[in-house]
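Following are the structures in question.
Each of the next two complexes has chain A plus one more chain, namely chain B in the first and chain C in the second.
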Partner chain A sequence: MRYAIQRFWATLLTLAAAFVIVFFIVHLVPGDPAAIMLSDLGADRKAVEDLRRDLGLDQPLPKQFLRYLGRAAAGDLGLSYRSQRPVVSEIAGIYHYTLYLAAGGMVFAVLIGLPAGFLSAAYRNSWVDRACMVGALSGISMPVFWLGILLIIVLSFQLRLFPTIGVGDPSRPLDVLWHLALPALSLGLRGAALIARVTRSSFLEILGQDYIRTGRMKGLSEAAVKGRHAFRNALLPIVTVIGLDLGQLLGGTTVTEIVFSRPGMGTLLIESVLARDYPMVQGTMLVYLLVIILVNLVVDLAYGLVDPRIRYE
Partner chain B sequence: MRREKKFLALLAWTAVGLWSVLGALPLPSHAAPSGEQVIRSRTDDDLITLDPAHVGKPSDHMHAMNIYSGLVRLKAGSTGVEPDLATRWEVSPDGRAYTFYLRRGAKWHKGYGEVTAKDVKYTLDRIRDPATKSRFRGLLQPLQKIEVVDDHTIRLTLKDPYPSFLGAVLAFRPGWIVNERAIKEKGAKYGQDPIGSGPFMFEKWVRGSEVVLVRNPNTWEKVHIQRVVNKVIRNDTVAKLAIERGDLDVATLLEGASIQEVKKNQKLNILATPGYATHFLHFNLRKKPFDDVRVRRAILHATDREAIAKHVFFGNATPRHNLMNPHVFGYEELYNKADYDPAKARKLLAEAGFAGGLDADVNVMPAAQWPQVAAVLQEQWRQVGIRAKISVPERAIYDRKWRAGQFDILFTRITRVDPDQYIHQYFFSKNQPFPNTSGYAGADGLLLKGRHTVDEAKRKELIQAAARKIFVEDLAGFAIVNVNYVVAMQPYVKNNAPTFQDSFPWRQVWLEK
Partner chain C sequence: MAAGGAARAKEAEGGVTARSGAARLLLQSPSALLGVALVLAVVLAALFAPWVATHDPASQALADQLKPPGATYLLGTDQLGRDIFSRIVWGARISLRMGILAVSIGLALGVVVGFLSGFLGGWADMLLMRMVDILLSFPLYLLAILVMAILGPSLTNAMIAVGVATFPHIARLVRGETLAVKEREFVEAARGLGAGYFRLGAVHIIPQIMGPLVVLSTFRVATAIVVESSLSFLGLGPPPPTPAWGLMIAEGQQVLEIAPWVSAIPGGAIMVLVMGFNLAGDALRDVLDPRLRGVSGKGVEEDAT
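Up next is the complex of A and B:
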């Protein structure tokens, strides 16, 4: 319990630091939002300065920060420069698409990665093992955007099994899932490859342990040895990898969303960065950071559950 | 061993089970071809806002231009203006006051009442209000006074005679008339639930999938299309596949590779017209030796624009010399194929004292295939001894160097509707140091006179004279190519003509299925 409380405070501190860094780093990036907004109008210097003043960008940075902090404390992350709509409502309208995508990607990663890893280890050096590991290598090597296009061409256009674009009709859960399948698969394959490799090596290591031999000597069935004893013990590094991979997975959502024309945090972040839409960039980055920090907290706490031998007292 | 087989079999069955669940899901429903006038088009980005004060991207412009009407509008496929909400207008003898007579009985969408002169005043006042934070506030600087004469008459008085105000401002986003009650009622939601008075009404936006418009039952025009479904497809390859598969009726294609492929498809009509975007370069006359017209001319003679249009743009571009394009009022063809003459270039360089060649620092816009064009130009110029140092920085750095005039030659691009915007902004000396970073001041008299001349014929003459002075006589800069705008369409789509900002005026289109 004390451990959990400690982790909680550390998490809060990390969040506060992230908040400050996000604000200032966005302003460190060269580029003037007002000039970018006016770039296709051929505006003169006066028009740019007027717009800067209208947007409040002429104020000193510390003053802007304090104002941002004060508003953020009240749950107001400002107005998007581009749409003049509240950042909070823009994010509230789309965050779940990214959540679904990341969750779907994780489900594919685990559903494919875990069995493949166990199979490779159980049938070490057989053709199953080799096939799985070659698959894992290609999974790690293939860029998400390329894989995405490939899946669209084969599964959507050639075989016509899946839709190419959109997120489906929100009132029909099956339709949403069906639209989610391809993006989630292309996003999850890299994680699946990673999980398969870690699972294999972790499992192999456990299989060489003394207590496994003891179990077999006791006359336990092979399924009981592998399934119950080895599985539990091999799980720890796998949980770690899954936790770490979530950051990668969230990063991958940006590219996946663009390729599959899905709305979401990733698309929003990229578009906002290009437009130097500071409030929007800050808002999206904060949400991403929040998710990653929270997931790390959960993973840390999960260690104790997965392996009771680990206690941080 | 047998147990292992069981384990394997279990896994295999799980996989089969999963697959059959996925496979059992419903197949995509294709809209059956019928006489229904429903058009499916592509947009390359999701909706951001349809509030005219904030519309910033062509992807939003293409919906909004069909939803709103202005006092005047651009003619399809040209940059001339024609009546829209105003059926006619009068210009005062001094060219400063415009009196617009509004169409009687023009209705707002969805029961918001009649469009009156008060709405026009509200619209322009709203853009001018700093609290609106509109990017178009600067465009309304020439406007001095707005007077509502009566419900159907409004008078706009400008600080100086400025005929471009119609095409460049009133027919553009800040001139799209909005309804005060709708703006106030809907608040922050307005941009995603707009009210206009144009031929189409906003029906719905399905985030990430589509933006749907329906025909306005009260439109004063004869409109055939009943519904417009704009599907969000960001990726060009996917858009190409979608129109080939018949999931789209119209698709604008942006990338050379997909354009090349779609052109091979016999089943589709390909519309390729010169777009509004022109790639051009200008010299920094404050930097030596680019103040010497012989050096500038040598660079022109070293430039093979045909080769660039053919090889970089796969023929989807037209060589240009004038910054303007044929859609623009006052355009004159200044391109001369014989300008490409490396021997002449070498001779001019020798005359200017650079027989051994010279170095040029080039700031390249990191977009729109400029990097590839720059690489070809570098090689072409090298043939005559001009060593171009090409830098393709990140956009913000490029902008900063451009503003500060930190370059010998600038490679950039322009998209406008009005001659004044094309040449005045970049070559009028009062616009120094920005956006006229060329340091050029040689055509001021002609530019100023052209800007304030109301008589069309005289204005045209002055614009052409200014263009000849800048791009031929003084050669402060010159264009490279005018990129074609390529649209793939199903053969049953009739009378479509893309306009400024890659937008389609759906009011004039119909389907023959």
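Up next is the complex of A and C:
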């Protein structure tokens, strides 16, 4: 319980920091936000002043921050400079594409990384081990967006197996999955490489422990030793790396969505940064950070459940 | 003062023998050699770019658009008829400079914050480490994009962004190592002799943690190069016609179906360089950080923390 409370406070602190950072995006940008907003319209000084007052930019910073917090709590993240629509409704229209992508990426990361790492450890120094570890090193060294482009070249253009862009027809789940496959694979492979490396080293460490030898000595089958005794104990670092990778994976959705021209939070964020649409940048960044903070909290708590030892630290 | 000097001389001596042993170990591992060779190849190409490149990286030969790799154009040409090989060679300068300068920014910030945090302890430590933890819980890409959103797209800003995103990892390492070293007798002695913070840090503590610091920095250069190329790819890096590798991949995407090499080849260059740094990092870790020897994947775990 003390562990949970401690995690909770840390989360609250991170949350506060996220709000402060996002709030200050607008204020750290050189130049006056109101002037930037109206720069394309050729507005006069008076219009800029009016807008400043409307946005509350003439108020002292702490007051502005409280105002921003209050509005955010009420679900109001301002209007997009570009579309003039509420930031919240723009995000609400596309956030699920990013969730699908991240979930798909995680599925690939675990489904590829875990067996690869396990096989590597079980057949240490064999060709299987070497192949897996060379693959893992390549996976870690490859930029996500380039991997996506290679997949498009080979699987879409050469072999015509997958579509290159878009998210598919939402009324046909299979079509959606078909469009999701390549982006999720390219996003997930880096995670798979990390998971494979950690799984391998974790298993090798556990297999050298005394109680594994004891298990073998009392006549347990190799399958029982590796499957039951080793697996549970080796799981811990693996769960950690999966949890840590979830955040990186969510961050990676930005590049992946751009490569595959998918709508989503990442595309929205990058387009807004390039268009200097600051309310939209703030909004998408805030949602990203909130989701990541939530994921981190859940991972921390789950970690406490998997390993009772951690709760007493 | 004399005692401190003698102790330092002895430490330095130990450092020298450890280092030459390290060099020998490094040369015995084939993967370490491969890593060093890959990095060295790119560094040499970058240094001697005017001689290595076969064409002017910016000159457009409109008659020779989208030529596949061949004799005249080793790695083919892009849609403006520019020689891809020459652009990659000149682009190596950008990637290397970015990776090394970004990590230097991260090192400068991280060493100061980590040292102060570990050395001062108490409130300062708590405050600084909370800040570091918060930054660590945000993904690298988002942190870099956030800084770019504030500073605006340019090569220098991308470097600062990646540096800022790198420093929490360094700070955490330096803090941990400082805590371990600061209770040792020679530090106590130097303190007793009236050494100030700067002297304690620069002369007594930082040299002691050089090994882990070099290892982590090598991995971070690899990461910095990937993040920089991603920012360039997204249009948040240098403007065209800069031959930044990430930008070349983005430009090639427009002709991906008819001329896949325009995108595929610069990505290969990124992978070669990044893999080189990763292999070199693995090898350096085995040599300089004996605690982690043989535990493959440990550095990556740290990397992801």
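Some notes on this structure:
The rule we apply is simple: the second predicted complex is superposed on the first by the 267 of 313 C-alpha atoms of A that agree within 3 Å, B and C clash if a C-alpha of one lies under 4 Å from a C-alpha of the other, contacts with A are read in each partner's own complex, and residues count from 1 in each chain.
As a working rule, a residue touches a chain if its C-beta (ideal position, glycine included) is under 8 Å from a C-beta of that chain, and two chains touch if they have at least 3 such contacts.
Because the structure is a prediction, the values reported are computed rather than measured.
Of the two partner chains placed by superposition, only chain C is touched by A:Leu269; chain B is not. Judged by the touch definition given at the top, the superposed model places A:Asn296 against chain C, while chain B stays out of reach. When the two complexes are overlaid on their common chain A, residue A:Glu205 makes contact with chain C while staying clear of chain B.
When the shared chain is aligned, chain B and chain C each come close enough to touch A:Val29. When both complexes are overlaid on chain A, the residue A:Phe157 reaches chain B and chain C alike.
Looking at the shared chain after the overlay, A:Ile149 reaches both chain B and chain C. Once the two complexes are overlaid on the shared chain, A:Ile258 sits against chain B and chain C alike.
When both complexes are overlaid on chain A, the residue A:Ser138 reaches chain C alone and has no touch with chain B. Once the two complexes are overlaid on the shared chain, A:Asp50 sits against chain B while remaining clear of chain C. Of the residues of chain A, those at positions 29-30, 149, 152-153, 157, 258-259, 274 touch chain B in one of the two structures and chain C in the other. Across the interface of their complex, chain A is touched by residues 3-4, 6-8, 11, 14, 18, 22-23, 25-28, 45-46, 48-49, 51, 53-54, 56, 130-139, 141, 188, 191-192, 206-210, 231-235, 237-238, 241-242, 245, 247, 394-397, 399-400, 403, 414-416, 421, 425-426, 431, 433-435 of chain B. By the touch rule above, chain A contacts chain C in their complex via residues 10, 13-14, 17-18, 21, 25, 28-30, 133, 137-138, 140-146, 149-150, 152-153, 157, 194, 197-198, 200-201, 205, 237, 240-241, 244-245, 247-248, 250-252, 254-255, 258-259, 269-270, 273-274, 278, 281, 285, 288-289, 292-293, 296.
In the complex of the two chains, the chain C residues touching chain A come out as 130-131, 133-134, 137-142, 145-146, 148-150, 152-153, 222, 226, 229-230, 233-236, 246, 249, 253, 256-257, 260, 263-264, 267, 270-271, 274-275, 278-279, 295-298, 300-301, 304-305. Partner chain B is touched in their complex by these residues of chain A: 29-32, 35-47, 50-51, 53-55, 79, 81-86, 89, 93-94, 97, 111, 115, 119, 122-123, 149, 152-153, 156-157, 160-161, 163-168, 174-175, 177-178, 181, 221-223, 258-259, 261-264, 267, 271, 274-276.
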